[in-house]
Amino acid sequence: MTEVLVEVEDLKVYFPVRDGWSTKDDRQVKAVDGISLALRHAEVLAVVGESGCGKTTLGRTVAGLASPTSGRVWFRGKDLATLSSGERKTYRRQVQMVFQDPYDSMNPRKTAFQMIAQPLTINRIVPKTDLVNEVLRLFDNVGLAPGEAYLNRSRHQLSGGERQRLSIARSMSVNPSVIVADEPVSALDISIQGQILSLMRKLQEESSIAYLFISHDLAVVRSLADRVMIVYLGQIVEEGTTDGVFSNPRHPYTMALLAAHPIPDPELSRNRHRIVLTGDVPSPIDPPTGCRFHTRCPIARPVCSQQIPPFKDFRNGHRSACHFADQLQSMARLLNESGPASH
Amino acid sequence: MHLRRYVMGRLLQAVPLIFVVMTVNFILIQSAPGDPIHLLIGEGSASEELIELTRAEFGLDKPLHVQFVSYVKNVLQLNLGYSLRYRQDVFDLILSRIPASLLLMGTAFVVSSVAGILLGLYAGTRKDSLADRAAVVLSILGYSMPVFFLGLLLLTVFSLNLGWFPAQGMYNIRNPQEGWGLVKDVAHHLVLPVITYSAFQLALIFRVTRVKMQQVMKEDYITTARAKGVGEGRVVFRHAVPNTLLPIVTILGLNLEWLLAGSVLTETVFAWPGLGRLMFDAVSARDFPLLMGLFIVISSFVIIVNLCTDVIYRAIDPRVRFA
Amino acid sequence: MDELVRVEGLSTHYLTGGLTVRAVDNVSLGIRRGEAVALVGESGSGKSTIAFSMMRLVSRPGRIVAGRVLLDGQDILTLDDAQMTRIRGGEMSMVFQEPMTFLNPLIRVGEQISEAIRIHQGIRSAQAREQAIDTLRLVQLPNPETVVDYFPHQLSGGMRQRILIAIAIACRPSLLIADEPTTALDVTIQAQIMQLMCKLCNDLGTALLLITHNLGLVAEYCDRVYVMYAGQIVEEASIFEVFKAPQHPYTAALLDCSLMFDRRAEEFRSIEGRPPSRVQIPSGCRFHPRCSRVMPECSQTPPSMTDLASGGRARCLLHG
Amino acid sequence: MDSHWRLYFHNWVSVLGLAILVLLALVATLGPALAPFDPQDIGIAYRALPPGMVNWMGTDELGRDVFSRSISGVRVSLLVGVVAAAASTLVGIVVGSLAGYFGGVFDHILMRITEVFQVIPQFFLAVVLVALFSASVFNIIVAIAILTWPVIARLTRSEFLSLKTRQYVDAARLSGASDARVIFREILPNAMGPVIVSGTLLVGRAMLTEAGLSFLGLGDPSRVSLGVMLYQSRPFIQFAWWAALFPGLLIFLAVLSTNLVGDGLNDVINPQMVEER
């Protein structure tokens, strides 16, 4: 077994509800509500879910940008809460982040050079005399060539793809072992997405970096990730290897996601079975009792609203939190005349 | 409904604010140079007897915290001291001047709000037209103009030289009128002060309304309205105007401060017998009890009006009403 | 052939800071009664501008500088404003991308729907309210009698999008233009909304012009497709043709970029270079700097739309 | 920034404002060197002379040269306006940044304080302060600054609140940037735009407040300010209108020019139309 870099145990991250004018409001947004995960060396772990499911908060917490309400985060076996400030600094370097909006992730008053030089100088990675060369090397590494042409550009002089390459160069500059990538391609045109995904795969293979890859795009996840976690309302509903989860989903929510995802192929998309979920995602302030998915689940039974489903384990670490995880195939067909996309 | 709870909450918030104003007042009295007794009965030839009486009444011979308690008690009982210049109880004096101020302020408020909003809405839908640009230039002149200077100009030209309007006061003292005649007389006296006083407000309200209207006309829901076939007139009046006016309520409330400052200066120029003129007299005569009393009354007034605009805003904005 | 709308030689330009952005440049397209047509393109390709031009909702600094938009044979660009308001929301209506900002926050949703009904059918409020409730029922909102009195902020994103659809279809238009109607929504909600919209169009016999960047939605819900690049239409084809055998290199490259989730892609494809600047348009074929099948003459000769044996049309020198 | 300035000079109204402001600033700095007479020199024989070749703006009721006095007046008015606005902006930025960045108890206290300042009528408090603590230029400046800093603090705070959630701020943190570095290098430069605009507009407001105080008789009696001149010449306005007209016009011009500059900066810094992307 390869080394576990980041381990998260029963993580909860709650935010107070700000209601504008009512002065006292004790309610909390339960963004992340009891998630555990382990990210191993050079592994790509994808976190998949819809907006408001807590996947971004999870990523920010792992990167140290948000603090846990409860639960623990370990890095290389050390509890983050007990780190000294010096150790915390090292941790900062080890876990970097690539953000969703490459435009917003560049300071409007900085040039590309200043943006990459900042982490290098702060962390004293190279001597001052080598600074320009190191920046150029990083530019080259992410495919910004010729590097000299980019040094003095500011964000409005760059295309979306170039900005995201810069963002990746910045995260790579401190030689991290983990990168949290929060929807790194969803703001880009599809003609550009492939460039960034190839770059990310190349860097991962060359430098053995582990990715916590946060996305709602199943097709991207399918191609990039080793393992997948499906998250709904702050909790994991299913996890396993990418192959396992995609070819043999064990949770009705995963099935619905797969069935709802558009396929750019008219023959396939028109012939597949559909599960169209009714209703909207409930509020994370006051999540449903029992199984959180029961309000939208096409196969929900009375037990689902009363008991929290335990994880059921299948092969290769594939687990699902559904009361009917092992009877899903037959039940789905019975109830909805619909099954998972099985081509 | 949440609104009632909200109003109650806001009312409770106003109490500590008024208390803070009293505290500020007390600290000012204590920290000002000289014997605080003079701030309560004024400098000048107060009799020893009166000084001792006041000293005892306000507990000035006692420790600070005791003084503070008795000060607050006095204020809460509306005992704001005694004005030496007018030889009258400060609170009664202030009370007697309120109607004149309200008349001037109210008229100016209505004039400047109505005119400012209408002009702003008009200009806001005609961005960069000639009328729009002219109005913008006029408005920037308007809110750069010192109120008292405008007042003096109008006074000199229309009253002293042309003689169209009376120069001073609220009504003709030499030839007192009654009934309808009095109304006409007061209205005649009101013209110049109201113009003076409204100019700045009008310019400000115009600017805010115009910018807001321009923003609203660019909103997506305006596109939706047009896309479903709503005519341009109805787009403006049904879809844009309410969204423009809603935030203006708050702005009007927040500008009360300037409205009041304008009132002091306007009333001073035109010798209008209101609170502003009273304040000028208090300053001139170093009548500190009167000055401090005015400060408390005016501050409380501002707090209450702010509270009202806030409540009105909550009541008319469905986003908050149904939050 | 029963053609409902024909756009001919439409050009819409934006004038900003002394520069002319040719957002839509000599575009022609047609939509038949009741069919679902997709207009596909990446950001900045001008697809939304076409929609706004067809509705005559282009606002300054944009301007329609040339072309005709024929609705049942009549050029609506020549109508006066009063006639145009009768077309908007009556004959042609539109659904937008951002359901929150496109609803008026101060007006109850029921009234926002019934307003369209009152304007176009000239009926009284009480009756219009009943019709608004019926329309809410049509877009499958739960408890329409209650929801009719809600304000937009009291609804979720998916419900708001249903309201926008209700407004658009309230008067049974013959064309519904949907501009990225599900981009702001989650996939499970996207599926609800797309299915609803297509079902409604089917039931009411309304033609749909779906503007999107999502090829998956095109494949699933449309009959024909127009592909846009840099303000021009580069390919026109039926759905099954275009996904089987794209005729324009741009279309082919775009399809190549899209990933499938039923198999792991060994390599990620993309189109080299960056999308053309909206001010400086490449000479010749606008796609030639990024094209994998570029020929020397591509930078010289601007290609025109050519009829193809497959029944579609493409703007590429490879096809003569 | 280059393009910003070009944008500013595009608007002739803003340029006009800047020109007036520069001219007034020059007059204020050169001050006495320009004045043909001593501004305090009383000459009974020259009382209330209308504008002419010798006294360009005439003389006042005590025979003092209005032009020479106006030059001193511009100096005092600008001094009060600029110093008060600068002090209040500085304090506002410091307090607002800390509150917006760190939040928590500090933020809570600041918000309560600014709330109090929002409901206490500022002009009246200034009147009370100056009346109680004697009317010196210093006291007037302090009073104005005390009353206006909360506006800047609130603005800076709200800018910080929105900017600190930007992804580039997170990225800087991940780069190892300390709090100080994040505040000064990442957030503050981007927050300065609107703050500077408000600061500029404060100059005009401060000058108006000073003039208003002076007009109520609360001006510094030892200094010649435009407001004091207006106050003193007011009773004689019927036969020496020029002694009130010129200082009044100068206040108006000074306030107008700062407002024009502030508006011009606002258009440059908050361009709603110009899409950067």
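Observations
Every chain is named by a letter (A, B, C and D) in the order it is written, and numbering of its residues begins at 1.
Please note the rule applied: contacts are C-beta pairs under 8 Å (C-beta built on N, C-alpha and C of every residue); 3 or more make two chains touch, one makes a residue touch a chain.
In this text, all values refer to a predicted model and were calculated from it rather than measured experimentally.
The chain pair with the larger count of C-beta pairs in contact, out of B-C and B-D, is B-D.
Using the mean of the Cα atoms as each chain's centre, the chain most removed from subunit A is B. Averaged C-alpha coordinates give centres for subunit A and subunit B that are 55 Å from one another. The distance from the centre of subunit B to the centre of subunit C, with each centre set as the mean of the Cα atoms, comes to 53 Å.
Centroids of subunit B and subunit D (each the mean of its C-alpha atoms) stand 22 Å apart.
Shared interface positions of subunit B, i.e. residues touching 2 or more other chains, are given as 323.
The residues of subunit A never reach two or more other chains; the list is empty.
Within the complex, the subunit A residues that touch subunit D are 60, 63-65, 89, 92-93, 95-97, 99-101, 103-109, 118-119, 122-123, 156, 167, 170-171, 173-174. Residue ranges of subunit C in contact with subunit B, taken from their complex: 55, 57, 59, 81-82, 85-90, 93-94, 96, 98, 101-107, 112, 115-116, 119-120, 151, 153-154, 164, 167-168, 170.
Only residues 17, 20-21, 24, 28, 32-33, 39, 137, 140-141, 143-149, 152-153, 155-156, 160, 215, 254, 256-258, 260-261, 264-265, 268, 279-280, 283-284, 286, 288, 291-292, 294-295, 298-299, 302-303, 306 of subunit B touch subunit D when the two sit together in their complex. Those residues of subunit B whose C-beta lies close enough to touch subunit C in the complex are 218-221, 223-232, 238-239, 242-243, 246, 317-319, 322-323. Across the complex, subunit C is touched by residues 50-51, 159, 161-162, 189-195, 197-198, 201, 216, 218-223, 242-243, 246, 256-270, 274, 276-278, 280-281, 296, 341, 343 of subunit A.
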